[in-house]
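Note that the chains take the letters A, B, C and D in the order they are written out, and that residue 1 is the start of every chain.
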């Protein structure tokens, strides 16, 4: 079965991105497909490479990056939500005239259409938020 | 056709669990996750409503339960603890998932 | 895209206190381009999103409530509002904005988009979807 | 980055959208249009005014297909079509007409 995943809360403040991560791991382990995870609302903050959690805590961004790369998951950050919250890739930074970018490896910024498309193309849409 | 409902809020903080219970249909499942697991403890007002939900199966995510120091013995009768693999299985067994945020 | 799915946007949160209502509306606007079978559900505090006379001048936040009235142009015409949620909050359907659409199949007659349903009807609507997006 | 209009300076972003929506004026619209290689005539103004009215009423810039549908209804099918709109605004009514009309930049979500 194909799962589409929405993560709609930021890391650390809410447990949502952790629950989503464990769900995706379990789904893959059971032989299901997870073609895309869509990060929305404060969930876009999962994709910043500038977070520095203490060494004795999980690194949410690195966990997602690793899982995404291992299983070819499309980790999409919503552009509209990202722009509000200051999350940029190189492309967006130059388009918007900003002097830095902060998106982590394995993530990409794209539109809300990717969320709808995921809903159309997967068998089950799971939302993790608050 | 049935739905897997997930509830991630403590019923003492919001009315989310009550609202979910009000909209769950026969054959549906409710899974308590994150702070939602506090709603599964016996002896509370909402536990009565949970126990009265006819034809709705009740589950709780065991990792969230033990993380919060709650023994499965304190759960509402009939509520089953499951792990993430069980969560995935529930999602496949129902036709859709609805997150009560 | 040949397959048409039933999408339900579930709105259970009040506007302005958090961003969920606004960002939900943004998904609806974009989603409308995908020609799916779209319904919006308003229950619990979500019914507050549709109140008339919202004026945000005093809080310096954009008032996005007029945008709901544009959704008819986007062929989003099914707003299900739960009666019990209104009643619990001391509201009636008269407190909600007039939101209409033009029915192309009926000589462009203007029809109300808001349909007040009871809790059981809302539960049945939720149970008849392919994709449920929660906000 | 800024436009100069009647001796005043109006800030804009990298792509030419004005930063403060209340800075908009008809004279400014002419200046932005010139930058876009568009000579504003009555027909351009008709669309720009339509967009401003739509924004005023609904607080959003309409999607292109919604704009065209609405124009078709109020101004007739000879204007409410893609060809007409793209003749007036070669780089797209959403992008160019919204910029000239002083509306927020479409977030380009699809």
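The rule is short, and it goes like this: contacts are C-beta pairs under 8 Å (C-beta built on N, C-alpha and C of every residue); 3 or more make two chains touch, one makes a residue touch a chain.
Quick caveat: nothing in here was measured; it's all calculated off a predicted structure.
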item	value
Pair joined by more contacting C-beta pairs (A-D or A-B)	A-B
For chain A paired with chain D, centre-to-centre distance based on mean C-alpha positions, whole Å	34
Distance between chain centroids, defined by C-alpha means - chain A, chain B (Å)	26
Separation of mean Cα positions, chain D and chain C [Å, integer]	28
Interchain centroid distance [CA atoms averaged], chain B/chain D, Å	51
Residues of chain C engaged with two or more neighbouring chains	26, 30, 33, 130-132, 134-135
Two or more partner chains touched - positions in chain A	8, 80, 111-113, 125, 127, 129
Multi-chain contact residues (two or more partners), chain B	96-97, 99, 101
Complete list of chain pairs which touch one another	A-B, A-C, A-D, B-C, C-D
Interface residues, chain B side, partner chain C - complex	1-3, 15-16, 19, 22-25, 28, 96-101
Residues of chain A that touch chain D when the two form their complex	78-80, 83, 95-97, 111-113
Contact footprint of chain C on chain D as seen in their complex	54, 57-60, 62-63, 65-66, 69-70, 107, 109-110
Of chain D, residues touching chain A in the complex	1, 13-15, 107-110
Chain A residues touching chain C - in the complex, by the definition given at the top	6, 8, 40-41, 80-81, 111-113, 115-117, 119-120, 125, 127, 129
